[in-house]
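Since the structure comes first, as structure tokens, the remarks are kept for the end.
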Amino acid sequence: MAGFITRRVLWMVVLLAVISVINFTIFSVLPSADPVLLRAGRSASPELVQTITRQLGLDKSKPEQYLTYMKGVVLHFDFGYSYQNQVGVRQEILDRLPATATLALGAMVVWLLVGIPIGIVSAIRRGRWQDKLAMGLALLAISAPVYWLGLVSLYLFSKEIGVIPIFQGAGSYPPDGSIVSEPIAVVGSLLLPWLVLAASFAAIYARFMRGNLSEVLDEDYIRTARAKGLSERRVVLRHGVRSAITPIVTILGLDLGILLGGAILTETVFNIPGIGRLAFDAIQKSDLPIVQGTVLIGAFFIIALNLVVDIVYAYLDPRVRY
Amino acid sequence: MTDGLAGPVGDAVVGAAGIAVGAGAPALVEVRDLEKRFPLRRGPLQRETGAVRAVDGISFDVREGETLGLVGESGCGKSTTARLVTRLLEPTAGTIRYRGEDITHRSRRELMALRRDMQMIFQDPYSSLNPRQTAGSIIGEPFVIHGIERDETRRRARVRGLMEQVGLNPEHYNRLPHEFSGGQRQRIGVARAIALKPRLVIADEPVSALDVSIQAQIINLLSDLQRELGLTILFIAHDLSVVRHMCDRVAVMYLGKIVEVASAEQLFAHPRHPYTGALLSAVPVPDPQLAKLRRRQVLGGDVPSPTAPPAACRFHPRCPKAQPICSREEPALEVKEGGNIAACHFPLTIEEVAGRLPVRPG
Amino acid sequence: MSRRSLRFALAACLAFALSLAIAACGGGEKKQSTSGGEGGSTTVPAGKKGGTVTVLSAGDVDYMDPGQAFYTFSYQIVYSTQRALYFFSPEDSEKQVPDLADGPPQIADDQRSLTVKIKKGIKFSPPVDREVTSADVKYAMERAFSENVPNPYATGYFGNIVGAPDEPTKGVKEISGITTPDDQTLEFKLDQPTAGQLYAAMVMPITIPVPKEYASKFDAKSPSTYNEHVVSTGPYMVENDSSGALTGWKKGKSIKVVRNPNWDASTDFRPAYLDGFDVQEGNDDAAVASRRILQGQGLVQGDGAPPAQVLKQAIQQYKDQLVFSPSGGTRYIALNTTQKPFDDLNVRKAVLAGFDRNALRLTRGGAAIGDIAWSYLPPNFPGFAESGGPKAPAEFDYLQNPDGDMALAAEYMKKAGYPSGKYTGTEKLLTIATNADPGKKTAENAQAQFEKLGFKLNFRIVPQDTLYTKFCGVPKSDYAICPNVGFFKDFLDGQALLDPTFGGDAIIPANNVNWPLLDNAKVNDLIAKAKVIPPGPARNKAWAEVNLEITRQAPAIPFVWDKLPILFSKNVQMVADDYSNSPFMAFLSLK
Amino acid sequence: MALLEVSGLTVSFDTEDGVVQAVDDVSYTVDAGCALGIVGESGSGKSVSSLSVMGLTRFAGNARISGEVRFDGHDLLAAGDEELRRLRGNEIAMIFQDPLSSLHPFFRVGDQLVEAVRAHRDVSRARALDRAVEMLGLVGIPEPRRCASCYPHEFSGGMRQRVMIAMGLINEPKLLIADEPTTALDVTVQAQILELLARLQRELDTAIVLITHDLGVVAEVTDDVAVMYAGRIVEQAPTERLFARPQHPYTWGLLQSIPRVDHRRDEPLVPIPGRPPSLILRPSGCAFHPRCPYVQEHHKRIVPPLEPLAGDPAHSVACLLAEEQRRELWSRLRAGATPDEARAAVGVPGQGAPVLREGLEAG
Amino acid sequence: MSTGAPELVQDVGGGIAPGRETSAEIAARSPLELFWRRVRRDRVTLASALFILGLVVVAVFAGQIVDLVGARPPNEQSTKFLDEFGSASGPDFAAHSYFGTDGLGRDVFSRTLYGARISLEVAIISTFLTVLIGVVLGVIAGYFRGWADTLLSRLMDVMLAFPVLLLALGLGAACSFGQGCVQMSFANVGQVMVVFGVAGAFLVVGWRLLRARGAGDARPRAAELAAGAAAWLVVIVPGLVLWLAVGGHGALITPGLPVVIFVIVIASWPYIARIIRGQTLSLREKEFVEAAKALGASDRRIMFRHILPNLVAPIIVYTTLVIPTTILFEAALSFLGVGVQPPTASWGAMISDATEIFDTAWWYMTFPGLALVLTVLAFNLVGDGMQDALNPKTRGR
């Protein structure tokens, strides 16, 4: 196990390095806005342009720039400064992380609470109307893009503009609060984003759970459990769900990893100042340090959660040993 | 190694192995000290920390025209041996000679000629046929691969002939495997194997996946074909009854080693290795009277892991006759009383065998 | 800068575009001002003292450090908390008034030296707490030339000072041309006769004093961290602690501005009615923010401008909570006059004649946001009346019909050698549009109109920054059409609007703003002449001539002289700063 | 009195290909403490019939069951879910072919046994665990207390089957249904398990229904045998009598087609031609008729009833041949005659054996 | 695609009842036959397929439909439909403005219809490319194992660890500048392709002849040789087109649809490749592959004759699953501003434009959104139906 984790962590470092190289290449070799000229302003003197170039470290060769950057990352956990306003990228990301994390984790709770039970009921009632209804709705939820769902729900329910003003809506994410300091305000303003973001995930999880449980219920050991004389409730909930829910950990880790790296679309529609939007803005403004930072942090979450998933899986499934 | 068969001089070995039965027939395949390890990797750098010793230094000959049975329980390495001999797996050590030529490390290209001579029949009639190919194209594939019978019409005719030969309706040329029953599928597999008129057929558990009422059909088919085509067969099985019906000679494997080789008659009449004895004794016989009469000898425990096989004689932890020496010194494979070749310090005696074998007294 | 979602990027950009000299969102430098010209002088109503107001903004200021501050929104804070040598009063937004300075400068006859006296009794806010001296201004200017305090306009506007470094210095280096004979006197020596220009530039934040003994340890870092420890001289200050760290500034979230206890009202022209103000950031949804302002109490608009549909609502229902601040510039679609087919004057005229400028203006909000432009000097600007006023003179037949005149366009097209009356060339004209509304909408409308005239476009959509730094600002990028440009007053003089944008000499390889790349001998000649005319009616007339000549060259399609709407809550008495087109916080009061 | 009495059990499944008639009018009885073997090829309905006894086919959703199953005074087919549940694992236990897939992979072996106890006995966990450990010891698992906290995958195949047996017998049921308990095992392990079953049956006095395709296993373990073909019982007898005097041509076929270690190599195998029938389109009349060498025209129409032999009421057979003819045929077959020769010698009219080229009738 | 799709390699048989008793007859139904039977019975899938068919018709005949109902062309702007503030106007049947207009006075109805074109175009092309690349690389990795597998698997790891949307946005933003990215000379590429193709054809023919002589086999038939050579036309013809017809210098990935497709393919192929690799890994362990090897079959033969045909069912299923994701992907990219170039109508871009005014012009977000949802739903339903129909394990419902 320790060996496995060591190996995976090493691989994680390699992966992140490769990703940062690719990212660096995309954003520095391919054309985009010139950050120096942006900073220099109109009719800037060549000297100023030079200084800014030097200050941003852009006078060095590309590999050198990359190495300098990586040195900062590795030695000081320093992701450099934004080209736009010299704010430290690390600080910027840390500032944005709570919003994204609150959004993602809250949505996760919602989709698990909604999706899993629906999946279980559907699997038990396979083929009956409850199943058909639930799966039909699930497919609908999967088919609706989150940004559109967000707009529609804002149009219908948001406090400022909605037809039925129930929820806090766009632009009302508490600028100062965190879930710890102002739980009610945060939950109130995030309720709608949570529900919207969770909709398609809940649907996916319900379908996944249904599929898994259906398969599990055909397993021999379920027959054994019944042959033992266990109640059907216990057979399904203990023996069936225990197996069927295990693979969900895998996709949960992946989904959460991706979301923690920024839920661009949801953050966009609901004006949540999270990592996704930070990254999106940075791409628009060719702010390479921020782009690098957000991509790395996104990749880090994906890879790290993958690792966590594998470790958790080893605990959940005693057959898996590394 | 103290294995007498694995001595430095290969030719001497042939003599030793040849004593058993029907000496005189030349060896078609000579296997010497064949070894196959599947490495186990562990740790952060995936260093090789051990190996599954699937086949651990075995030597045997397959003689022209005979049927050699290779029996053993699951995991003993008999299927690996089959794949080593057909060179579907790369041996870790040892040599394989085919008609005197060393084919141990031949490349795929060099093996092409050999592939015409040496064919395989697989265990699972379901997975050994490509579900997307018609019966005709499965049986005709050897011709295509080896560039024989390039003429479509002639090839079809030959395939139909083959189908007839194995008892399939040639009209089913264009059917897909799933339209056949298990027995019929195995016939397709047999037809494919004999298409190129091979000398040697390696049959890896050809009947164990079939229904009992079908097994006999395939066994009979194989026997008939062997007679008609003069095939040499390496017959791999775990079912001693089937081996009894098919084979001239039998080699018994246990944990990657051959523990006993003898002619079928001798082996079933008087096994020498305690493991062979236990195997025979365990076979249930459809004869209630006999079942009541015989004193069955039930082995204790399970087959140990091939990653860490017991030292010296691999059977000693389960052997009813084991002595201290058995865990120190590996017994050589040598001729025992009655002509069986067995690797045992304390071979079974006639008295020990009596009453335990599933044979009607008298 | 701002944290904008995509959907509201447009709104924020609108704000910047309107208030900045250059339409680049966040690009562009600050204004240069000269005396002269006519201005809208208004009387600032007396206000009630006390209370606080909240500014709703989408993004944050870029820098608090006056040496680095760059964006308009920062200026809104800077000019309420700091005092430069000179500034503008909202009473007469065209007149430069002494702020830190004690009066107008003394300018030597040879225009090569200039002396400024500064007021006594102006103190730095805590924790510095001492009186401001001339050395603090000198230090502020010197540090702006250092690497650690990258100032985008130091070399540009102050490079003529004797001893000013040509390139940024490592560490703060003394500039020999700035001397401080005593604590109240600053002397500037120039190597060229440009004292007038220097005087004009003294409204810039670069002249805001910085206490050396306090700031030098911050300035030693690269970049300087004085940004987080700024001390104030104005009526307000960002809340800080005893060490000077700005506790009231939560980057990206909020800014708490409180009274500066060391401020002496008698030295300042700012009334500073409010007890302070808060900036609440993250109001990315301009529509929601605007509605909150209109329906709420004590709220004013920050960096975001109301989107068209809210503006419509505001005009219809909340007339009293809206002021328009003239941007003092023109939006137009630039045609690259060096590229085929726009190197042909008749083709350009045909385009202008055929274009429905009304439709273009509608993409930005219609008549409410300003008059349809026909030239490049906006209303209430020196030279506007001299050029002919709001309606194009008769000679410009191709600018008579704001809805477009296809027949006339066809005529010009025929003159240009396209007998069908439509353009029949097959080349794809590279058109660079912004990716954010309303600019994108304008560009899409223009695209359709160009196609109607027979042009084939290679229509590219890029982020605003890219638009300027890679395409429209780079002559060699071979663009043909830049539909999203506009130029706004730096100072109230024709030169500010016409020279850099249409003068042949102004063309530079990067960050160029002469987007049509117009290099017309006659225009150049007129500009050269107009430049040297002293301020006054003659100068205005000369620039009007330039304006008309440019219009004759038809290098662009002018379509709106726009105004920036500023929203505020019912209980707020608004005073707008037309210099930065934002609420002037030091003049605001609560009703 | 019979412990288990199955009469007229019929089970069918609705599938998209049609109705699968898995079990058709099957009747048998098992006396307390006795072992009944049910022999048949795959698809003969031997497993389905016992799953139906346990009420486990109910969960398939597409099963239709009729007939009568009486167990120790209970009418199992009519019993409610809860009543059946209380019987399952308590009075009737069942073990399955593949012990690996039959044990829950995520639960410790001990817990799975404890669960079986506590489903029927109101005892503490600790007591149940003690019982589990005791049971594991009884089935020959070394270090039972340690092994109770192991997971199934840590055991070998034989050990797993021992665990299954321990689980089946933990509540001392009156009947154990063992569905191919040794098929997945090696021959030496099979011997261990068979011996264990035999020992436990003696010690615990449990009745056993042993389902298998292996006549050898039946011969070694059971008291009575029922031979199933295509969902029906074609022959039923005390084990010794069945092997000594088989009556049904299918039983003959089985006995003659399987290779045996106790036979010499030159004893020929006589294969049963053709292949097992479809359960959807069952052959008319005697389901065995397409494969039967002694088939006659009316065999294709008349479904033979399972009737006791005249001289031996314990021995029943479902065959339309006359008893006389059967005796004759078997004695000739036994003497080494081919089915054709035997038929000719005995004078059974008919077309003779179906051609070996079974492919002809496939499709 | 976070739902794990079930194992789809064709398995024989499949339980019909708890007893696992498989009757040969049941397995004997051909997969295709079974597939059609199941599909015919599945009314939801049929309806969805019909909807998609209708959508294709709408996309193809969008112009005619727009004319027929009297709506305006999709790119026609009109200030008549805007008020004095330039605000969009709602549905007005009298003016044949069924879905209202957007902020430029364009007809939302006809733009929604035309939007179907983009969605379908992107869906078809990028799904095709994604599946093609994914299958080729997946089969190579799974079949050859070793370094090829290591390399490709690691590449997949990298791709899968990349925050996909960010990667897509970055590539999209970068490739949307100027002429686009992957600059190259088409003429040169064309020349290289032609030379390569001709050489390949000669080599193949020559090698065949040489080998035939060496092996002493019958002379290969002319038709066979011709066919071998003709196969290279696949390379030669596009090469000629590039060389002679397209020519010039340009970018492979030009802004607009190519960027979208490029980005989608780049971001999606690893998913398919990983699945196909897994399937290939399990297929290559099947005995029929071993049998082919034992016969001396070449790797190419094993891959094309034995492995690929057995991947057809999973490929079909994954293809139907990929289509709706690509539609959503395109819409999301367009929504974020990296998509088709104006004035082309795309549903995602329309929703993006609508976010501006969604509170005052509900119609603008509603109709393209509904079109998008219904289309994706239909594809998803068909995908589900196909999966059920092709999955041998699915029980009849």
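Order of writing sets the labels: A, B, C, D and E. Residues in every chain begin at 1.
What we mean here is this: a residue touches a chain if its C-beta (ideal position, glycine included) is under 8 Å from a C-beta of that chain, and two chains touch if they have at least 3 such contacts.
Worth saying up front: this structure is predicted, and the values here are computed from it rather than measured.
Steps from chain A to chain E, minimised over paths through touching chains, total 1. Path length between chain B and chain C in the touching-chain graph (shortest route): 2. Looking at A-C and A-D, the interface holding more C-beta pairs in contact is that of A-C.
Averaged C-alpha coordinates give centres for chain A and chain D that are 55 Å from one another. Inter-chain spacing, taken between the CA centroids of chain C and chain D, is 93 Å. Chain centres here are Cα means. That of chain B falls 31 Å from that of chain D.
If each chain is reduced to the centroid of its CA atoms, chain C and chain E end up 49 Å from each other. Touching two or more other chains at once are residues 179, 181-182 of chain B. Within chain D, residues 42, 56, 59, 275-276, 363 each touch two or more of the remaining chains. In chain C, the residues touching two or more other chains are 6-7, 287, 435, 462-463, 466, 470. Looking at the complex, you find that chain E touches chain B at residues 10, 12-13, 24, 27-31, 215, 217-218, 286-288, 290-298, 301, 305-306, 309-310, 312.
Residues of chain D touching chain B in their complex: 41-42, 156, 158-159, 186-192, 194-195, 213-220, 239-240, 243, 253-255, 257-263, 265, 268-273, 275-276, 356-360, 362-363.
Chain A contributes residues 31-34, 37-45, 47-52, 54-55, 81, 84-87, 91-92, 95, 160-161, 169-173, 175-176, 267-269, 271, 273, 277-278, 280-281, 284-286 to its touches with chain C in the complex. Residues 126-127, 219-221, 223-232, 234, 239, 242-243, 246, 316-319 of chain A are the ones touching chain D in the complex. Residues 83, 86, 88, 108, 111-112, 115-116, 118-120, 122-124, 126-133, 141-142, 145-147, 150, 176-179, 181-182, 189, 192 of chain B touch chain E in their complex.
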